[in-house]
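Input: one structure, supplied below.
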Amino acid sequence: MQPLNRLQMAWRAAQDIEDGMVVNLGLGMPVACGDYVRPGLEVVIQSENGVIGAGPLADKAHADTDLVDAGSRRITLAPGASIIDSAASFAMIRGGHVDATILGAFEVAANGDLANWDMRIPNKGPLVGGAMDLAACAKSVWVIMEFNTRKGGPRLLNRCTLPLTAPNCVRRIFTDVAVVDVTAEGFVVREIVAGLSREELQARSGAPLHFASDCRALAAPEIALPDA
Amino acid sequence: MQPLNRLQMAWRAAQDIEDGMVVNLGLGMPVACGDYVRPGLEVVIQSENGVIGAGPLADKAHADTDLVDAGSRRITLAPGASIIDSAASFAMIRGGHVDATILGAFEVAANGDLANWDMRIPNKGPLVGGAMDLAACAKSVWVIMEFNTRKGGPRLLNRCTLPLTAPNCVRRIFTDVAVVDVTAEGFVVREIVAGLSREELQARSGAPLHFASDCRALAAPEIALPDA
Amino acid sequence: MPIDKRVASTAEALEGVSDGATVLCSGFGGAGFANVLIRALRERGTRNLTLVSNSATHRLSLTHELIEAGLVRKVICSAARGHAPGLSAFEELWKDGKIELVVLPQGTFAECLRAGGAGIPAFYTPSGFGTELAAGKEVRRFGDRDYVLETAIIGDLALVRADVADRWGNLSFRHAQANFGPAMATAAKLTVAEVRVAQAEPIPPAQVQVSGVFVNRVLAVGG
Amino acid sequence: MPIDKRVASTAEALEGVSDGATVLCSGFGGAGFANVLIRALRERGTRNLTLVSNSATHRLSLTHELIEAGLVRKVICSAARGHAPGLSAFEELWKDGKIELVVLPQGTFAECLRAGGAGIPAFYTPSGFGTELAAGKEVRRFGDRDYVLETAIIGDLALVRADVADRWGNLSFRHAQANFGPAMATAAKLTVAEVRVAQAEPIPPAQVQVSGVFVNRVLAVGG
């Protein structure tokens, strides 16, 4: 069994981005989805600091501290881009004008509750940022996260144990070993990595898993991690 | 006794505009105040359709249907002007960023209540426009109106008889025969036209008038009405 | 596929608009009326409309044609007074109870649209407090002042006039042409812009006044 | 007199700012921090401040100097986590109960400022509903959704970074430098902008991003 690496997870999530979508990509794995949008599609990457139409990272010669995305990365603008202020950017997000947001997460519950902002590290300050607005207001909320914690504990749960980002918001979860939808019936596995049985996956989950009648193999092309 | 004509009333009101003020001028007499700002002052004329820094009327050669003020008049821009959309313009007004608005009126009450939008003409539709926002939210609300109705009835009243634009908002009233402040004690006459006695003015008022200890003569230079 | 929101005809621009739609029409004082689209909507005969327009009666807006054609069942505006001493088409219908009217202070009107586009279902405003326009509305005190609760306006369709559009639907305006257009563009499920020029090349980022994210279709109608 | 909001020194820029002030500081992700003014405020020693800044701990913002100098009694932000595994100056003070903290979702943070400048005392938002950030806040249902009531933020002082100002106080920004600046400029009793260039000639109207109506003083700091 070969779980997807972090870039492969981003690749898999990016395959679900449809032509013409307005997409907001969270820090970490999600932001890498921008590199794997299917060829021939044109999408609008919304960055909550007001960049509407974020392009690839700037090379050294063009890096500009005034042209950054929500992750403080120095970026370029895509053709057709514009820049608005933060109040207008969150008006866009809150008003439901972002088709999909792809967020990192710590935990997702079977009712779609999302916990992605507070791991309860003693005395470390809270880091909410724009996650609550995105989770509550994007038309579709997708999550990229490993299926299990580093210690092997479950991240798919009946109820989140960590503080919520928003209730009932997650639609789809892209993990290293499965793609899981959140439905009215709970978790439904759409794709599972080859070599992992349904029983093994269930054993690693903190909540019941249903399996789609057309459940397929989760596969991604080889993508090397930069530090690998 | 020579009452001020309409342009003289606008002139008199304009004398109270101070250097650097942001001023919104209502339709009719108020808008003429723009022509009589004291020489050497620089003020910002805010028009609620979003023109911040309205200049004089455009001459025929430069008139542009896309560059209009709140009265649909084709205008120019003053140096330092900018243009915002209506939601932003009323955010500016409602947020208290307009120092003074000068409005026409039908009635003002001794507590500062203003009625300027509905004369109750049968079956004619209501015309509120931006008056309620301006009256409720400008830092100072000044009124220009004749002291009496065409039929000789009072416009300064204990209570307005017409529907209100905003309660407790008017600070100063510029009329053809007097300049009147609205204070916690009610109407206080600051200026009265030569040849009109205090008793005569009181007789023409629908509410008690106090007279300022330094009550002066109301005077304006000769200004011919365009159709005179 | 490359994003391209340009359409070639008014029929394409208004495709899918249904009877009963709430239609937001921009424009103020002669600037920013999407009159080509408004006339096309009238010719289409879409009826039972709720018309959201700052003025129900502005001479230079063809919204009066929608009203005269009997296609409008309700008007939300800040101004509904005809210019002539006699009664306007709107006023005649209103007098006879054939058209419903909601009047808002102009700033509240604009803010309700901005709220509709910004995911704010309701907000408090000082404007209109103590007037008959606040009758029946919730009032609440914050600090030493009283405020009126107002709720968002969301349209099925916005018809907006701008100067230049690009294929992404980005818009820029001339002078005071914007007025209610930017707020309305954000507040409708389907936003259609009529523009002087609809170009393939992007509008330079600093000149974009309405992001194409808010705009579904653009129709070039010339000068 | 000609309007001229340009000042020549940080002392003049901050004149009249009092202990206990609520200070709005713009900036996000390295862009738009008014670091010359923030450092001047620290050197001035104005204390007991409420700091309103999206991040309490961003490395590129000198707001951390205000915190380290013990001048801040309360922080309102959307992010307060230090970057290092150990505790930041802010986190040390917070742990010891020496600094008060209010955390808002970033969109709510921005909208509270926009509301403060726009005369809206309070509004409802879906963001944060059902989370601990909504604890103790009024919740209300509109349609089929629950919303949280949030109240406006108004500052005594806003410190905003822009690219160009003119003598009227109009501002234009480079790229993503605007972020919280426009909303903060509207929401403070005294708004001071630090800019690369402060010019006598007007910024062309279509390039003005913050009207000078909202700006009291501008200080050119170069680069």
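Note that the chains are named A, B, C and D in the order they appear, and that numbering of residues resets to 1 at the start of each chain.
Quick note on the criterion: a contact is a pair of C-beta atoms (placed from the backbone, for glycine too) under 8 Å apart; a residue touches a chain by one contact, two chains touch by 3 or more.
Values in this document were obtained by computation on a predicted structure and should not be read as measured data.
Annotation of subunit B and subunit D: jointly contacted by C, touch as defined at the top. Put simply, the C-alpha centre of subunit A and that of subunit D have 29 angstrom between them.
Distance from the subunit A centre to the subunit C centre is 36 Å, each centre being the mean of its Cα atoms.
Subunit A and subunit B have Cα centroids lying 56 Å from one another. Of all residues in subunit C, those that touch two or more other chains are 111, 114, 118-120, 125-126, 206. Shared interface positions of subunit B, i.e. residues touching 2 or more other chains, are given as 83-84, 91, 93-94, 137. Of all possible chain pairs, the ones that touch are A-C, A-D, B-C, B-D, C-D.
Residues 48-51, 64-72, 83-87, 89-91, 93-94, 123-133, 136-137, 163-168 of subunit B are the ones touching subunit C in the complex. Interface of subunit C with subunit D (complex): residues 111, 115, 118-126, 140, 142-143, 145, 147, 151, 206-207.
Partner subunit A is touched in their complex by these residues of subunit C: 1-3, 114, 116-120, 166-168, 170, 186, 202-203, 205-206, 208, 211-214. If you check the complex, the residues on subunit A that touch subunit C are 19-20, 22, 40-42, 44, 46, 52-53, 77, 79-84, 91-97, 137.
Contacts from subunit D toward subunit A in the complex involve residues 28-32, 54, 56-57, 60, 78-82, 87-88, 90-91, 94-95, 101, 103-108, 110-111, 113-114, 125-133, 163, 173-183, 209.
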